[in-house]
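Report on one structure; see the data block that follows.
Letters A, B, C and D mark the chains in the order given here, with residues in each chain numbered from 1 onward.
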């Protein structure tokens, strides 16, 4: 695997739209070709090299390309958007849309990400070693096809609207989450190791939520069923199982309605 | 205005009866003229290319409230597909429900120059006209819907044809409408209570009238007025397995009524998107009844139809058939918009994904093509997708490919997940017919123009007609792959609209001088109808009568078709 | 003595009329530079009706006149008509929806007899120039 | 002598009453009386006659004072500001006609602006919800003629849409509703016993901020499933009762307002309310409608819908249109310092945005187009007064149910004043010159 290293040298006025910072756009290119790729500030088109020192070189394919981005990227949007393979390491905070519509490969952010990371994600992995903003792993506006596959892991907290319209894949939050989790979800798994506020699983059709900490307000559409023992991915303990959202439509299997499941650890 | 001479193209023109012979077409002052009439024309070398009149779309949902609901509630329909502004082209977005700007340009790119908006809710006529005004290049008109209108229901309950006609004339003028459109007659009024009319004899709640009475009465009123287009219907029971019987019953309502039109049409009923109305069987055993439907159409020249071909795309369904859209959202669980309109109509909008992996969708695809391939008279059978219901209009060239190439159809059959079951439920696999470009020109130009009563303007290349001329980079006399058809007809090389070159070398060259067509029918003074109008506005409408009529700047370039029905 | 209440904002007919008559006019301040408190909350606050109070949230602070709830009772809930006074203290967090959280801001209300209620133009002007207390 | 203009459209709120009568002088230069309007609408017409009205553009000077400038100077400043900016915000568009909105859209396209309207602080979250779940709705005449279950959720028409209940929703006698008010059951959900709630058959005094839970509870109740004892402070028996009341109607309508769009949950609250409406259509007929505020906020969403495909928060900066509330919405753009100039027309963000956003406008090049003097004009560099749309110039406006109505000119604007459309057309022409188009 070849490595391209980008180090930000000029901070943009306003924000930099850098959807070209992906292994896909870099693959097969030398440093100077990468530096010539387009970035945007508002209506102005610039080159990546106007803002970043580019060193190293890309592999022949995305899979053989690793991109390391250094410096303060908190005003850079779209890092890793639509990437299909390879690796991106961001050694900073990053702005919106990290790994949005990502299909494969891996993004590691050694900092925080702003909203809309992993929007419409189809595959691959995002690891955030800080906090994540709102709408992590959610669908784009209007789309009923949210996160389909892949995995998102956040060491810290996540914002509101986590996993909206989620259909598959997995999201693990090390800390706490804000309101609205897995709204309209039809599948997938969300693990919250800290506390949750309210509106978990609203209008949820299918899928699973695990909460190891507290929930401020449980949705009225979730009904307690039973206590169960769970052991998975290093989580072990007794959980209260709730099913819901009772107000929502649900698929049937063998004449039985299949509800979404919410597990809350007992005695957390 | 510049003169043009389009030289040596292979011309397909049903009006002149030219079936692919090389010929020259001359343009002067916005009209087609004899080649001898141009003195110093700009010459377009069309040798080895196909030349046709501008396309005429008799039925598409391209402007107005439900179309805009479709746009605004589907941001995902525009994701990543936007076309940036470029020179004179403004930015263009949307796949299944394009922006007005894209609508105009994309039709032009296919060589189309006239497009009719198929359903205008009268109360929203202003909105429809605003959108048409902002749709470049195309000549357009809109059909106000009548089949669930309280005035119509009350007059036709007692078979008051003259009053119905007077009301139609008034509403066409108030809304600047083009034709009488009927959608799910009675069923949409029933939907205001959450109900439906499932066949032509199913009575409308409260109003004590049946769909059959509504349809027959509106045909009679249409002929009383002698409007350019016939009554244009989307029958009851759309989309339901077994519905072909309702369709045949509806067709039969046209029997025995003679066309009365000075505009050259020979039919009294246009039935739209017949694909959705040609289903046999029930539930999962849903099957094609295209042969039964086409047997009727082929032997009864009182009607015209359009296809409503399924294109196997993700699209956005939208119709004044409110109960149908509710049914659809119950099936696919996708977002559902509904808009009931006081005293007049309703509309529903639901996204839909037609998939080659879905047996029912594949059967629908077959039926649309079967209707065309079983047709005998292509001046009465028109190519549409009921845009965007069965697929976006930008797929017309793909449908041409399927109609013109058995090989292309075979390729599609091979892509079906349930190929064998689909073949069992349909007839298409056994049809080897391949249409030619002359038949395509009938289906997309001469036929629809005649049916609209606009054969004196559109649909052909005879001197005196509007200079709407398309040149396609397609040589029918050289070997070609099926995909070459789609490619060529998606991307006209040149297009003239009323003598203005709007596409040059495959690029948009002008925004044209779009016109809005409407029909001004004069009738005898009818105090009763005017009294009824006043009363309904006073008591039941929420806008005043004086704020209802569409005027002035909503139609910056109107083209009025005058009809005298005074007696 | 300060009390904590849940602040909501919204239209009133007086707000609408005075807004259309001119936001620079005193009537607009009279209509919108107010906070409606429940009688129970007045009691807790230990204040008379029509006393100027300072309303403070995590997002800002503003002086308005406290009046008795016109559409009450609603103990624990306070109401400032929509306008620049309310907007000094509402929660600007949009939760990435574009919409600030105009309703449901926890605020502290304390009597501020000696402070005056500014007119709308003065309020935003001073606020922008950093001249507000 | 005077004359009376009838069928006048009120350019205040989304109710868009069109039955006003306005008495003007014979020469059409003075306006004397307004009949049939609510207090707010009447004031809007009468204020056009204010003697202290500002009639010429003005520019803020270094010392904070205003200097009168010509319209030409104002056009030049505006065009330059927009053409020079990398990403200008063009905000407002709700208190103007569709014709001006269309010209503004073309300017936005030419300069690469973000176009946003007042939905962003009003029903923008409703629009998000509609994009997620759709909206079964109807025109107000359907309500008048058919509805027998009227639910006002988080809205207070008695104050915000004063003639709504008398024209459309509660009191009128329609075709199938001959008994008027007596034939209708009225339910109000609001954390305060508002003047609207005082008219209701049932008032649910919900704990503020628990709308999402209560709406979900209604859905659970429709299905006959078990509920917790209280949801949002409402006892479960009451919730079952309201669910039954709604299901037993022939035609139910839910009207909702800022109480749900601006409270926590926002789009989700509306989403759940729409889900309730969808559910009701399993049992009876039901519709839902946002109580749109500005008289033509709906129109700007329509115009941008057909031109760009999005109803608000449209980012045109890259030469094509993008949309994502949370990013392309005014308050997020201002908070995050994503824009470098602000143009405001037909709205007053200075009064109606959180102050932190107002301060951002103050710190940027900015122009406000407004007939009134407002907190926005107070913080902008240039103020361009214009004629009142719907009073001094006509044009198309869309009612809250999307019905388009042509507003009327009833009186002349003061001598020499421009309309929104005229001003924008001049700015567009100048922008094209600067850009060399």
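What we mean here is this: contacts are C-beta pairs under 8 Å (C-beta built on N, C-alpha and C of every residue); 3 or more make two chains touch, one makes a residue touch a chain.
What you are looking at is a predicted structure, and each value in this text was computed from that prediction instead of being measured.
Peer 1: Can you name the chain that lies farthest from chain A, using the mean of each chain's Cα atoms as its centre?
Peer 2: B
Peer 1: Quick one: most central chain, C-alpha centroids?
Peer 2: Of all chains shown, the one whose C-alpha centroid lies nearest the global centroid is D.
Peer 1: Taking contacts as defined above, which has more of them, A-C or B-D?
Peer 2: Higher contact count goes to B-D.
Peer 1: Can you give the whole-Å distance between the Cα centres of chain A and chain C?
Peer 2: Distance between chain centres: 39 Å.
Peer 1: Roughly how far is chain B from chain D, going centre to centre by Cα mean, in whole Å?
Peer 2: Computed value for the inter-centroid distance: 35 Å.
Peer 1: Could you please state the distance in Å, as a whole number, between where the Cα atoms of chain C are centred and where those of chain D are centred?
Peer 2: 22
Peer 1: Could you tell me the distance, in whole angstrom, between the mean C-alpha positions of chain B and chain C?
Peer 2: Going by mean C-alpha positions, chain B sits 56 Å from chain C.
Peer 1: Pull out every residue in chain B that's touching 2 or more other chains.
Peer 2: Correct list: 73-75, 77, 334-335.
Peer 1: Tell me, which residues of chain D touch at least two other chains?
Peer 2: Answer for chain D, listing residues that touch two or more other chains: 128, 131-132, 264, 318-319, 323-327.
Peer 1: Return the residues of chain A touching two or more other chains; collapse runs of consecutive numbers into ranges.
Peer 2: Each of 115-116, 134-135, 140-142, 144, 179 in chain A touches at least two other chains.
Peer 1: So, with touch as defined above, which chain pairs make the list?
Peer 2: All touching pairs, sorted by chain label, are A-B, A-C, A-D, B-D, C-D.
Peer 1: Quick check: in the complex, which residue numbers of chain A touch chain D?
Peer 2: The contact residues of chain A facing chain D are 13-15, 17, 40-44, 96, 115-116, 134-135, 140-142, 144, 165, 179-180, 183-184, 198-199, 202-203, 217-221, 223, 245-248.
Peer 1: Given the complex with chain C, which residues does chain D contribute to the contact?
Peer 2: 12, 38-40, 43-44, 46-47, 50, 120-121, 124-125, 128, 156, 158-160, 162, 191-195, 197, 205, 208-209, 258-259, 261-264, 266-267, 293, 313, 325-332, 335, 348, 350-359, 362-363, 372-375, 378-379
Peer 1: Per the contact definition, I'd like the list of chain D residues that touch chain B in the complex.
Peer 2: 6-7, 9, 18-19, 98-99, 102, 106, 109, 127, 130-142, 144-146, 167-168, 174-176, 250-251, 278, 281, 284-285, 287, 301-303, 305-311, 316, 318-324, 396, 398, 402-406
Peer 1: What does chain A use to touch chain C in their complex?
Peer 2: Interface residues on the chain A side: 115-116, 133-135, 159-161, 178-179.
Peer 1: Which residues, counting only chain C, touch chain A once they are in their complex?
Peer 2: By the definition above, chain C touches chain A via 95-96.
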